[in-house]
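Shared between the two complexes below is subunit A, which has subunit B as its partner in the first and subunit C in the second.
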Partner chain A sequence: MTSPQAKPLVEISDLHLSYTMQRATIQASRGASLTIAPGEAVGLVGESGSGKSTLARALLGLNDPKSTRIDSGSIFVDGTDVTRFGERDWRVLRGSSLSMVFQDPLSFLNPVMRIDRQIVEAIPKSMRAEGVSERVDDLLRLVKLPQAARRSYPHELSGGMRQRVLLAMALASKPKLLVADEPTTALDVTTQAEIMDLLGELRQRLGMAMLLISHDLGLVSKACERIYVMYAGRTVEWGPGSSILKTPAHPYTKGLFDSARALRLPNGLFATIGGDVPNLAHKIEGCPFRMRCPLAMPKCTTMSPATQVLGQDGHWVRCWAAQDSGIAPAQGNDVKNA
Partner chain B sequence: MWQYFLKRVFWSIVTIFVIIIVNFVLIKLVPGDPVHAMIGDFPAPQDYIDQLRRDFGLDQPLHVQLWLYLGNLAQGNFGFSFANRQPVLDLILGRTVNTLILILPAIVFSAIIGIALSLAAASRGGGFDITVSAITLFGYSIPVFWLGQVLVLIFAIVLGVLPTSGMYSLRAPQSGFGAFLDLLRHMVLPLACIMAFKIAVFSRTARASILGVLNSDFVMTARAKGLSRGYTLWRHVLPNAVIPVIAVFGYQFGHALTSSLLVETVFAWPGVGQLFVTAVGQRDFPVLQGILLLSTILVVVANVLADLLYTIVDPRIRRSLGARHA
Partner chain C sequence: MHNSGPILSIQNVTKRFRNNAGDWFHAVNDVSLSVAQGEIVALVGESGSGKSTLGRIALGLIRPDSGSVCLDGRDLAGLSPAELRAARRRMQPVFQDPTASLNPRKTIRALLAQASHPDAIELEAYAIGLLESVGLTPGSEYLARFPHELSGGQRQRVAVARALAMQPALILADEALSGADVSIRGQILNLLLDIRQKRNVAYLMITHDISVARAFADRVAVMMRGRIVEHGPAGEVLTNPTHDYTRSLLAAVPEL
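Let's turn to the complex of A and B:
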């Protein structure tokens, strides 16, 4: 399904993007690269503040055009460079090829508009010939929402139902790519599983590609074929989910795994990654992870790590310490305590 | 939900009752004797003064006067105007209608224009937004009586296109469409005076509210759906942005009644504001009390209506009321 030769649906190369906020310039992307093949499920993992959401929004042109600037790099969607797109061009693309669902389904729904109206809006003009009401029926069935939800307002639905409404809206245009930005973070665990199952099922059925953004490596590795790990605005490791799961090469990825598994250290504390994500308003020399990295060496302070391939299956990493690619998951990973 | 409104109405009545008492006491505290004001400087015999006091119940202790006043109110008797020698209610009702003719259109049009302006400013941004902000700041700070006189000077005296004051011309038709046109011509300047401030208030409130809504997450959803900016403003931003503006509605009604004191004085508009100013000069206490009571009722009713409007516009409020009182 995902042959590397297939023409990618999305190709982001070495993207540098910054936005201004209260006079500070935040460099949210500092060399992010990512490709998604048609129909492929790709995960994007990283801590809060690593620039995942900004990257996802850049893919749909949803960052505020007044304050956001693409400094260098390119984003190709379906073979077209969208980095110079105006709002009008974006509108066409968003209403057809690209869709997005968001983290907090309540705040992302209009509180004073009924569900059916909000879904109808998302149906492109070209698909309205067959009857709008029937199309809404189909979409509700697709996301397994009862017909009774049609006339509801967002606050009358449960969190899981709201996320299904967002999903129905996103699917209304039959998109080629669905970007899901932490779609289950605001939900409780059982609802989380339901939504993830639904996402997987819909993707299979509709043959669309998906970019799943999450801080939860476990969740992403279950749902996605390939995974990108992002740190401080750059992609630091990517490859097939199985390979990353088995042999994480970047110390940051390993740290994420240990935190996700709630690994207990000999002293009884949970494994965490010490320190914080660097402030993206500042310039960073060398590797951005070196301040928190257990394997940091002098080279890391001065030189940005080169990208290198590990093995045959398209597993890449940006780390000096992973050069020998011989690091086993548990070794050399004396995780600091925060 | 109906239970909520019954409750709301009950508390409104309590509010009105309390204000009646406060007004009564306040007016009694005002220095100056109504009997003296009525007789004037003319030297009257003490017997005559005492008889007048008895006739109007002014010789009774305060609480008895209050009790009498409340009893009369309950029977729809608002008292008798010393100065106008006419029942207060008849006097006030006619004048109140004249004031409402001015105030209601002023508030409704100001709200529509103010919201439209700030919506246009939000969608255009840049220079247009700054211009609108500057104009509203002007309307916000300019004194109404000064604006009124300048308008009269320009439009009535220099250009001569509009009447200087009053509500009707003597030579205009007494009824039908001609009379209506005549009324409109008289309304233009006082309306402009009240609206200059009201438009500013509504557009400033709406602007703040629109800017807040524009940053909401669901506006990003609308963008992600590929909707146009104009449609998003109209269907998503506006319905959410008017909710806080409605809260201003009830309050602005009370404020408009107050500003009618000035506007009606400047334009000799025969409304309740002008009557109030005259009554103060004449120490015509029953009229003052009557006007205060009527304004109180109007303001309270306006606020209840604003609350009702709230529940129509915002389904979340409707639901929380339904849940609590179902």
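Let's turn to the complex of A and C:
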């Protein structure tokens, strides 16, 4: 499904984006690059504050245009430069090519409107001509909701069913890309597994691409063909999921995956990354990870790492210390590394 | 207090609630569970399994319909109000979201003073000692700060320091790490191990995070619809489960 020759559906190149909040300017994207091929499942991971959601919102045109500015770089969707799109252009694009689901379905559903009407409203006007009611039936069947759910109100449904409603609404415009930002974080593991299975099945059936944003690395690794790792507003490593998992090249990626595995080191301590993500209101010279990095060297303070390719399978990294063969095992972080 | 019996012993505890339709249902159904000094016990299960209700019963916040909760061998039901207050100090909760559980208008100094054991003297030095024991060094630099001036990881540490202020024998962590990034989660787990080693504190950890329960706990109890369906050494139960429910739970977790 992911031929590297195919024209990308999404191409974000070296995006720099900032927004103002309480008179501070937050530089939330500082060199983010990401491509998604038609039909491809791509994962975006990183700690909170790494700029994942801002990047996703930039791709969907959902950042507030009054406070947000794209400083440099570009976003192309389906061959069109959307970098300078206005609200009207975005609405057209979101009604045809792009859709999204988020963590908390309840806050996106109208509490006093029955499910079927909400799904009808999600069907673009251009597609409402032929049998709207049949279309609602199709969508409900697609997300495996019983017909009885048609006449329900959101509060009458379980969390998993609400997420299915949101998914039906997202699919109503037959999108080429679904952006799913923490879609299962609020759900129990068994419900999560059902929703993820459903997403995988729908992608196959509809040939739809997906950008999955999650802090759950296990989930992303299972669902996605390629993974991007983001740190301090920039993409620092990306490539095929299997390659990132087996031979992470960036010390941040390695720290993130070791932490996620709840790995106990030989000294009995849990693998972790010391310290905190940097404040994105401040300017950062050199590599933004160097303050927490076990492999930092003098060069990292002064020079931003260049992007280098590892091997043949499209695995890239931005790190001076990264070697083709991957990096040394993590060092135990002292508990006092606040 | 220095006997070798369990710190916390829950025996045949049952608690029923009425649902919206007015029907009774068992939130906790004939459950027995104990925690020894310095032991880490994880309670896992999905939402609605009764694990948080059991946690509240353990803390003496909810009275069970039947069965007993014993702390240091004494039944909570038989204690006077003053004795119950003293008993509650021995068990301290740490909750999921430190932003919500720490009063935003209070400085760290005030938050810790308020939570300190009545016998603690020289509260300032006591608070500094607590902060340093959770890795916030030098502690004096944190006293005048407000929760919002700290990072997420630092707030979690303050929440742990506040629980330690009462010198508890048991800390009940109810999804204490659920919202945290994996890097912070590792830091806090190491902190909890460090505290256990230095103070011999026991943990009852309520969590849906199977990988943490497996790597952190000594024992695990798996709850489903108010009952413990499987119980044993954490590594064993969460690697080779015997109950179908535990198996389905493990199968649903995407492993790395």
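Just so we're on the same page, the second predicted complex is superposed on the first by the 319 of 338 C-alpha atoms of A that agree within 3 Å, B and C clash if a C-alpha of one lies under 4 Å from a C-alpha of the other, contacts with A are read in each partner's own complex, and residues count from 1 in each chain.
In this section, a residue touches a chain if its C-beta (ideal position, glycine included) is under 8 Å from a C-beta of that chain, and two chains touch if they have at least 3 such contacts.
Note that the coordinates shown come from a computational prediction; the quantities given were computed from them, not determined experimentally.
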Original post:
In the superposed arrangement, does A:264 touch subunit B (first), subunit C (second), both or neither?
Top reply: second
Original post:
Now for A:148: first (subunit B), second (subunit C), both, or neither, which partner does it touch?
Top reply: neither
Subject >> Touching partner for A:129 - first (subunit B), second (subunit C), both, neither >> reply: neither
Subject >> Contacts of A:112 with subunit B and subunit C, given as first, second, both or neither >> reply: first
**OP:** Pick one for A:99: touches subunit B only (first), subunit C only (second), both, or neither.
**Re:** first
Original post:
What part of subunit A is shared between its subunit B contacts and its subunit C contacts?
Top reply: none
Original post:
Which of the residues in subunit C come into contact with subunit A in the complex?
Top reply: 46-47, 135-137, 151-154, 157, 181-187, 189-191, 193-194, 208-212, 214-216, 248-249, 251-256
Original post:
Where on subunit A does subunit C make contact in their complex?
Top reply: 47-48, 188-190, 192-193, 196, 215-219, 221-223, 245, 255-257, 259-264, 268-274, 276, 333, 335-338
Subject >> Residues of subunit A defined as touching subunit B within the complex >> reply: 60, 62, 87, 90-96, 99-100, 102, 104, 107-113, 121-122, 124, 153, 155-156, 166, 169-170, 172-173
Subject >> subunit A partner contacts - residues on subunit B that touch it in the complex >> reply: 216-218, 220-229, 235-236, 239-240, 243, 313-316, 319
